[in-house]
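Let me begin by handing over the structure; questions about it come next.
Every chain is named by a letter (A, B, C and D) in the order it is written, and numbering of its residues begins at 1.
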Amino acid sequence: MGPFRFNSDNYRKLLERYIATEDESSLYQAEQFSKLSMQNNISPEEIINIHIQSLKELYPDLPKEIDSSLNFLLETMISYGLAYQEFQTLREKQGKLESEISVAANMQQTLLSTHKPEIVGLDIGAISVPANIMNGDYYHFVTDENGNLGIAIADVIGKGIPAALAMSMIKYSLDSFPETQRNPRVILENLNRVVERNVDTSMFITMFYGLFHAESNLLQFASAGHEPGFYYSAKKDEFFEIKTNGLVLGVTNDTTYEQFDIQMEKDDIVILLTDGVTECRVGERFIEPDEVLQVIRNYMHLPAQEAVERVYRHFEKLQDFQLRDDFTLIFLKK
Amino acid sequence: MGPFRFNSDNYRKLLERYIATEDESSLYQAEQFSKLSMQNNISPEEIINIHIQSLKELYPDLPKEIDSSLNFLLETMISYGLAYQEFQTLREKQGKLESEISVAANMQQTLLSTHKPEIVGLDIGAISVPANIMNGDYYHFVTDENGNLGIAIADVIGKGIPAALAMSMIKYSLDSFPETQRNPRVILENLNRVVERNVDTSMFITMFYGLFHAESNLLQFASAGHEPGFYYSAKKDEFFEIKTNGLVLGVTNDTTYEQFDIQMEKDDIVILLTDGVTECRVGERFIEPDEVLQVIRNYMHLPAQEAVERVYRHFEKLQDFQLRDDFTLIFLKK
Amino acid sequence: MSKTQSNVQIKKEWDIVGARQMGREKAKELGFGTVDQARIATAISELARNIYLYAETGTITYEIVGDLNKIGLKIIASDDGPGISDISSAMEDGFSTSGGLGAGLPGVKRLMDNFDIESEDGKGTTITAIKWVRN
Amino acid sequence: MSKTQSNVQIKKEWDIVGARQMGREKAKELGFGTVDQARIATAISELARNIYLYAETGTITYEIVGDLNKIGLKIIASDDGPGISDISSAMEDGFSTSGGLGAGLPGVKRLMDNFDIESEDGKGTTITAIKWVRN
């Protein structure tokens, strides 16, 4: 019952045995035969032909009607044979496309990668994991000569290649703003114009931009329709939603953004995220906001980087290791 | 002989007629039947089953061996049926991916689009046509407050989505350089560092950058391994290759570029292009450089935009409307 | 109808044939047509072959399931083998687990009506698949 | 062997059958096997149907070609119809020309060994395809 070579003699022998015994073992070998013939790119109509030839060899007096009927069957299989060949072409094409996309995804990772800066007195943790190959979430850190920290977090509504292209645009636009002009409100207003000019109206980008002043511990921020983050006050041992308002990027040319601020104190934590965290789905239901905060609370005593990674791993498992949306989470711990 | 519905009764009737007459008309209808059954997502093993049932109805005394042999055949078709179903899944997936890529291509077109500026005393023509959906060639014009013109033309070695991402990077990097610092040599040196840092070593970008001084009619330029263009001197009625040297972008971090210049005179033409023009293939052979210049000469008396379009249409036809590489051509006519 | 649960141990390649046969008999008893019988046998082949190739030993269990409205055959393939470390890859088309010869798990899913998989790294795999008799 | 060139006019759907039959006979005479006969007939079907649907009238020509080493059947489908404006699309899989029912021109290319198409907008189409007898 070992492996056998693909040829029509084998088919005839198997067929002969099956007709004599009707045993399952021959049918198992029929299955193996057909898999092997597929490996050899044999079309289904050729299997019918091999069947006809085998039958004629086994029964030289095969009734004319039977012979005739099998020719008819063969004729109906020609179209299926064509579909089978198209399938092989398509599989090759798909393979190429997939490797192209994976090259692009690697490039995107390099392009969008950001360096997590060392800021005295601020513990930073950040993680971003795509649901599919390409990431439609984005975060970025930048520091100026005074040690102030700019933090961007964004989410493209839309997935795949177009979303990746849009994110590259955001990254290079951000890079092109002069370092000295890191006012959150102004940055969002500028980006809004870039997106409005360059991107199709069907694609929206939400973004939160924050500027942390290292000396005063003041966090200034503005949001373009981005999923609200949370502020943990250590003194009150309580979470507050970071309320903002502001239209998503790219809707109208002249959108203005309101700027807010938070005075951070010792052990306070700013939690920034995308909706891939808060809209985590477990089976058919969405997770409750309180559950998210409970998970965060469980890990927030850890160093910031370890904390975000633990929170991610918790939600990854909860979703059966199948993210429905890109997941990005940032902790800024005083 | 009109259209008929898909059902096994039809198969039996067609089969019966064919067995009786062995006429081509039944076989033609067998073909139509199988196409219809494919439209109804009928797997090949189900066709075998319909065949068996039809035969049993037509011949209630069908020999046991024949019945048995057909069951064996059916068994071998199960794997083909699986391949057929996988094919349908794959076709859907492919359709989705293709529409995603076409959205990305549209976006790329918007992102990379450049405005052809009006420069007094200079007639500009430019055309760029991708071989596939996404363009791996790129050109860009920029003017400063003194009416000087910066011209970039680039080609990514590599195609498809990764090339498109790389081109977005070039575009945003170029945009981020201050307007006042448009020195070709410096621009290439800066871009080289961006590419070296961000892009995989397997992907190369060639680029020509020129700066045309409106007052003095001096063209300064540098090239990063880019396909050499041509300079047409009206006085001599002769073409000269624009000789440059310089490594492609992204090879080493500290590449330096040499800067050259051309003093343009009345009716002179600078011709910039990518290798999609000069390496145009006709059947099995590459076109000769002289042939390219002859075609250019045929149309260069026309307004620059019309001229580049006519040259493109000439080469498009020569290649049977199937570009092998992205095609970009720029004319600058004094 | 025979008892509602029975099983076949998979230890050597020959047992694959036994598992198919048992499945085909159950399917015939339940009133499945020829094509569905062959599909069920092929699905069992695939599952048993996976056990034989990757876990060495395991069990194929057959259960008749249903209610007043429908009746079906449930196949459970379980082993204590190495488990499947990346389930989502194993469920992808073209990522065949039987050395390129198999239709793989996506094939089993297509051949049957319901499909469920549980696997833990190092702790084995349990695959449950049901096919319903078409009325 | 009959004369080396013959043809069938395509004017009504019935003529498709005639064109298939002529092709099958030629193929049989040349010694093609059953499967190849059926493939040739299917290719002719596709070509003749395209003429019938899009050009209304046209011709299928049959020619026996070859040299000392090989022999084959050449099928030429020509019409003065509207022509194919976008040949590269028409040669793409899934871009079927027979209202979703056909295997289209890529199908003809797969069924035969050589394939060539010439078409000019408004001036008709000529498709030439050859199948070689396998030794």
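Operating definition for what follows: a contact is a pair of C-beta atoms (placed from the backbone, for glycine too) under 8 Å apart; a residue touches a chain by one contact, two chains touch by 3 or more.
Here the structure is a predicted model, which means the values were calculated and not measured.
Per-chain CA centroids place subunit C at a distance of 46 Å from subunit D.
For the pair subunit A and subunit C, the distance between C-alpha centroids works out to 30 Å. With centres set at the average Cα position, the gap from subunit A to subunit B is 26 Å. Each of the following residues of subunit D touches two or more other chains: 38, 41-42, 94, 103. Multi-chain contact residues of subunit B, defined as those touching 2 or more other chains: 27, 31, 35, 75, 78-79, 86, 90-91. Viewed as a network of touching protein chains, the structure does not reduce to a path, ring, star or complete graph. By the definition given earlier, chain contacts exist for A-B, A-C, A-D, B-C, B-D.
Within the complex, the subunit D residues that touch subunit B are 13-14, 16-18, 20-21, 24, 38, 41-42, 45, 87-88, 94, 100-103. Here subunit B touches subunit C in the complex through residues 45-46, 49, 52, 71, 74-75, 78-79, 82, 85-86, 89-90, going by the rule given at the top. Subunit C meets subunit B in the complex at residues 33-35, 38-39, 41-42, 93-94, 103, 106-107, 110-111. If you check the complex, the residues on subunit B that touch subunit A are 14-15, 18-19, 22, 26-27, 30-31, 33-35, 37-38, 44, 47-48, 51, 55, 58-59, 63, 65-66, 68-69, 72-73, 75-80, 83-84, 86-87, 90-91, 93-94, 97, 100-101, 103-104, 106-108, 110-111, 160-162, 164-166, 168-169, 171-173, 175-176, 198-200, 203. By the touch rule above, subunit B contacts subunit D in their complex via residues 1, 24-25, 27-28, 31-32, 35-36, 39, 91, 95, 321-322.
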